Amino acid sequence: MNMQNPNFLLMVEGLTVSFDGFKAVNDLSFYVEPNECRVIIGPNGAGKTTVLDLICGRTKATAGSVKFKDKELLAMREDQIVHAGVGRKFQTPSVYEDLTVFENLELSYPKGHSVFGALTFRRDANVKARIKEIAETIFLEDLLDEKAAYLSHGQKQWLEIGMLLIQDPELLMLDEPVAGMSVAERKKTAELLRRIVEDRSVIVIEHDMGFVADIATRVTVLHQGKTLSEGSMERVQNDPKVIEVYLGH
Amino acid sequence: MFSDYSMSELGAIFAMQGFAGLILFSVFVLMALGLAIIFGQMGVINMAHGEFMILGAYVTYLTSNLFAAWLPGVFGMYFFVAMILAFIASGALGLFIEWAMIRHLYKRPLDTLLATWGLSLILQQVYRSVFGAREVGVSIPDWMMGSLPVTDMIEVPINGIFVMVLATGISLAVYYMMFRSSWGLQVRAISQNRVMADAVGINTAWTDRLTFGIGCGVAGVAGSAFTMIGSTGPTAGQLYIVDTFLVVVFGGAASLLGTIASAFSISQAQSIMEFFLSGSMAKVLTLLVVVGILMIRPQGLFTLKLRK
Amino acid sequence: MERSSNRLFTTQDILGFAVLAVIIFIVLPMALDSFRLNLFGKYLTYAFVAVGLVLCWGAGGILSLGQGVFFGLGGYCMAMFLKLEASTPKNTAIQSTPGIPDFMDWNQLTALPWWWEPFNSLFFTMIAVVAVPVVFALIIGVAMFRRRVGGVYFAIITQAFAAILTILIIGQQGFTGGVNGITDLRTLHGWDIRTNDAKEVLYFVNAGLLFACLLIAQFVRKSKLGRLLIAMRDQEDRVRFSGYDVASFKIFIFCLGAAFAGIGGAMFTLQVGFMSPTLVGIVPSIEMVIFCAVGGRLSILGAVYGALLVNWAKTSLSESFPELWLLGLGGLFIAVVMVFPNGLAGVYAEHIAPRLSGLFGGKTGAAKSPKETPAE
Amino acid sequence: MTDRKIPKSLAGPSRRAFMAGSAAMTASLFAPKALFAQDYPTAQINTTGLAVTDDTVTIGILHSVTGTMAISETGSVQAEKLAIEQINAQGGILGRKIEYIQEDGASDWPTFAEKARKLLVNDKVASVMGCWTSASRKAVLPVFEQNNGMLYYPTFYEGLEESPNVIYTGQEATQQIIAGLNWVNETKGAKSFYLLGSDYIWPRTSNKIARKHIENFMDGCEVVGEDYYPLGHTQFNSVINKIRLKKPDVIYAIVVGGSNVAFYKQLKAAGIDMTKEAPIVLTISVTEDEIRGIGGENMEGAYACMKYFQSLDNDNNIAFVKAFKDMWGEDIVIGDVTQAAYLGPWLWKAAVEKAGSFDIDKVREAQIGVELETAPEGYVKVHENHHLWSKTRVGRAKLDGQYEVVFETADLVEPNPFPEGYQ
């Protein structure tokens, strides 16, 4: 199914990675459209996080191709992939604990990314306005001067999402964004995601089926590094192969 | 450059040079094993490794004096007693240092480096105050000195054979402990996942201490063996530290097999180059090649590819 | 929403710089005789290295155990120039080949090696003092950081470089002066650097250069790059996935540290009057790390105090109790790691600054957590 | 050698003086010609502001007490302190007791320079006994020349230096090398030589002189190999194999420090029994001091070329060895450099008394031609090039770690720090 559809934002084809012979991701292909919210689910060890790692360049693929807006990502460095418009949030929140929320966002601001640029970067009005705007989106406008270390777990997750948003990526990849959140925080996060998806594509890894049903446009089920099933939430839920994998063992 | 020699001479020389390489290999293995256990399994940089070796050498010196004074009849055998005592002394010091210092620093590997460097300075001064600034002469039992004539041209030094046997023995012992004993299982479990190991009831604190102690003990045995081939003085331990670290890093820190492979390749390279070049240039070239390879392949020779 | 950390100097920074300036430019020269002042000048040359280490290690988490290499390269560049100037045909008339440095003559060299030639020019030398260490650092940095070697591995490999360079310098004595180093340096463009007056002038030149480096360091720390370094130290992957080429930042800061060290080395040569491989090896390299650690690995001003204090203690302790010096130094290493991980600057920020601010009733940032104590 | 101006009692300690045990008492008993301070007003004998009072004169001792060189330099410090004590016991110099300020060079050359400056500039010492390695001497040399100090340097060294501010009480290279090579050629019939050394200036320069001498001045002799190892190197099996391959008559070894121990142990272990003298091992870097670390059993049969051995059989030396052991312990050994260090204070004393002044310039002038009959090594004399006329001796190492003297030159060998034809 080699579809050369220029409408796809991301085309993953034949993606394979092996660790000492063990194929964590095996000949995987899938396609993401603009403004789609794709959720990847699957049992533990299915290779979900590895797929994100491969796309964003954190792990080098053994074979295959990942095309983003017709650019081959596999040949690019992580920072180049980011500049191409792909953002990545990690499973455990990774924010700069020693810096304030403001500084966390500022470091992610898409300007001054070269050595010289960073030396001469000035905190001008545009920067401040943009940071304020993002902070409002992620519910942290009152905590700008707080050190990130003092935020709650959920707030750190939001902050990390905010750090991605400020770069305005076209594709956002989120690894378990609601893990460890309270019910109230989950609701707020779902609302946040829905707003985010409005003008970009998102790939989300999630276990919480209720949350998945809440946000997903399409769902991909991974099993042993391969696509087991793909389609709408409803279709996937009724796929006997999926039921077999989740319940059979 | 070979035209001056007959074939049989050349053959003999290459045989002996190969043997020299094997001795150097054994020396490297002995130096590096203790460090590989500590660095590879615990991630701790022990800059005082050389001083733990020298402690073993001083213990050997004291033992030889004791035997000479009290048990001259069995002086030839003192070396074995000395090695056991060296293991105990260095190991005990290792346990103490782990308790007093290292255990507070597990999360700061670069800081252990500085702290153990400080420790090495202190140990040097202690040795100097106790044993004097001069090197001490350790008398070696007669049966260990001299060489075995294999053919009329090839002779192999007995102490070289002894070092090789010892290196093999200790490698096997370490291998057995790491992969066949419950301690080894615990050590490996901790190095994979400390939190989990803790959770399933492994006494991580004690295992760490024991690991550090055993690593230091092995260093002590190495130091004891080195009295046969090198000098015993307060600062002699410093001579070994760079070589030792490079052997371990080059091998791939987490792999004992890698340490042995790297000791083998470095020793052979150095030994071959020493034959064709001046000793100094051989050393520089060996170090440069090792560092060069490490730049291209920073994970070292042997390493498992792991999912992050 | 103006935040204090975005300004180049906070009130506290200004105070810190001012106090240090008063100590270095006024108190020390007035309190010390020419001999002691020269000694402190020598200590200050180590402070260049320590400041570089604060940037690399304290801020960037890159611990180099090979800073002696850069210190030595800078020092050797300067020494080569001075040696050429001292080796006039007239001064070296007794040699078989007059006009070349004495150690070359002893090693049967009959002509100056080509790579010594450019060091006839002071201008070239002044550039080389910075450029040679930087090029070295660049090569090491590109090779290592591009391949994401860091932490302990980086420390050990830089240490190996220190060992290699030492063996090379000693082994190639015809070109380098070997274990003796390059000695008997006399004049700089005809100006005798051995007189007491010259040494005083050099002290102030040295101090001025140090302050220039401190200002550069402060600028870097307070720029976005400075915050990025801290971010990288703690969450390298996050920085990378925020679109930064992490390696290039590490290379930059490593090269900057090397440049500082090179200047320090050159000033060392000028003030002490020779350069030798003992300044290049593993031991001095690690000692330079301890200067930085004692001062506080996060504080650029602390690094200066650290270098002064440790060396002053070394000189005075070894004058009165030579046997105890190693014990003291060893204990210092351990204490600074286990008890005062943030060194003098940490002690100041935790214990002294709060009292001071209580005394003056002012709010001078005493509430800052020790982990990110800025300069002083 | 007939025109010796210095009265024996001034030039050195008598044998009986040591036997008396208490040094203080012997001063008045056995030094009848001791000079009295009041005969030499301080203002007259010290016109340049040195640390000289009406009853004391201060000198400096500058060696490494810590670091890698402490091993070697300890003996020199002990010898210098012994000499100072003996001189004081005889009434001092110009009626003034010697006091000393000891500084630690810490095996670090910049520290040596720093301490030298301190001694000369701050302490104004009248002379300095010190340094061991060439590197430390090179580091302090400009300091001494600039501040016009006087250094007594005890180590045998590579030569190529002749500073007006240094008296070299050890041998320069030719004094140590040439006679020994001739001896091994003439008495042992040695024709082929393998030169080996630690990689730094002294072994390299010495081997260069050895090579020139072998190739240009010894008929039918050749150098079959030359090799250098970094300081501190401990693995010599490769070079031992090379030596086997080349089958030299003589291994000419200038290995130093910890490497020494490794080299000789491995040589023995490789089956090269030095007592069989095939090949002969000839060294210029192993004194009795070093043998203690190497072990007599590993050194037995090797030849060393020095100017002094502890076993030297003359009255001066017997008294010196006894005094040294009385002061520093029975099981101490004395090597070539230790003896040379012992000469320093005595040579300086002789020069000061000859000049009748502590002024550096006058002492320097007076120093030339000073003779010391009481030197443990025998009679020595200061050459105008600031080195000593000394004999060259060859000793054979015994199991107990002492050398048995097997050869000595008939006459004193002239020091020649810039040897023609050897460069």
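Remarks
Which chain is which? They are A, B, C and D, in the order written, and residues in each are numbered from 1.
Here is the rule we use: contacts are C-beta pairs under 8 Å (C-beta built on N, C-alpha and C of every residue); 3 or more make two chains touch, one makes a residue touch a chain.
Worth saying up front: this structure is predicted, and the values here are computed from it rather than measured.
Set against the Cα centre of chain C, the chain with the most distant centre is A. Of the two chain pairs examined here, A-C and B-D, the one linked by more C-beta pairs in contact is B-D. Central chain assignment: C. Criterion: smallest distance from chain C-alpha mean to the mean of all protein C-alpha atoms. Rounded to a whole number, the gap between the C-alpha centres of chain A and chain C is 43 angstrom. The geometric centre of chain A is 76 Å away from that of chain D, both derived from CA atoms.
Centre-to-centre separation between chain B and chain D, using Cα means, comes to 37 Å. Between the CA-based centres of chain B and chain C the separation comes to 34 Å, rounded to the whole angstrom. For chain D, residues touching at least two other chains, in rising order: 65-66, 199, 228, 230.
Shared interface positions of chain C, defined as residues touching 2 or more other chains, are 167, 170-171, 323, 326.
Contact of a single residue of chain A with at least two other chains is seen at positions 58.
Of all the residues in chain D, the ones that touch chain C in their complex are 65-66, 103-104, 106, 108-111, 113-114, 117-118, 121-122, 133-135, 138-139, 141-143, 146, 158, 160, 199-201, 204-205, 208, 228, 230-231, 418, 423.
Listing the residues of chain C that touch chain B in their complex gives 57, 63, 65, 143-144, 147-149, 151-153, 155-157, 159-161, 163-164, 167-168, 170-171, 282, 286, 289-290, 293, 323-324, 326-327, 329-334, 336-338, 341.
Within the complex, the chain C residues that touch chain D are 33-35, 38-39, 42, 94, 96, 102-103, 105-108, 167, 170-171, 173, 178-181, 183-186, 194-195, 268, 272-274, 276, 278-279, 315, 318-319, 322-323, 325-326. Residues of chain C touching chain A in their complex: 1, 3, 5-6, 219-220, 223-225, 227-228, 230-231, 234-235, 237-246, 248-249, 252, 369, 371-372. On chain B, the positions that touch chain D within their shared complex are 5, 9, 13, 16-17, 19-20, 23-24, 27, 125, 128, 133-140, 144-147, 149, 155, 157-160, 226, 228-233, 235-236, 238-239, 270-271, 274-275, 278-280, 282-283.
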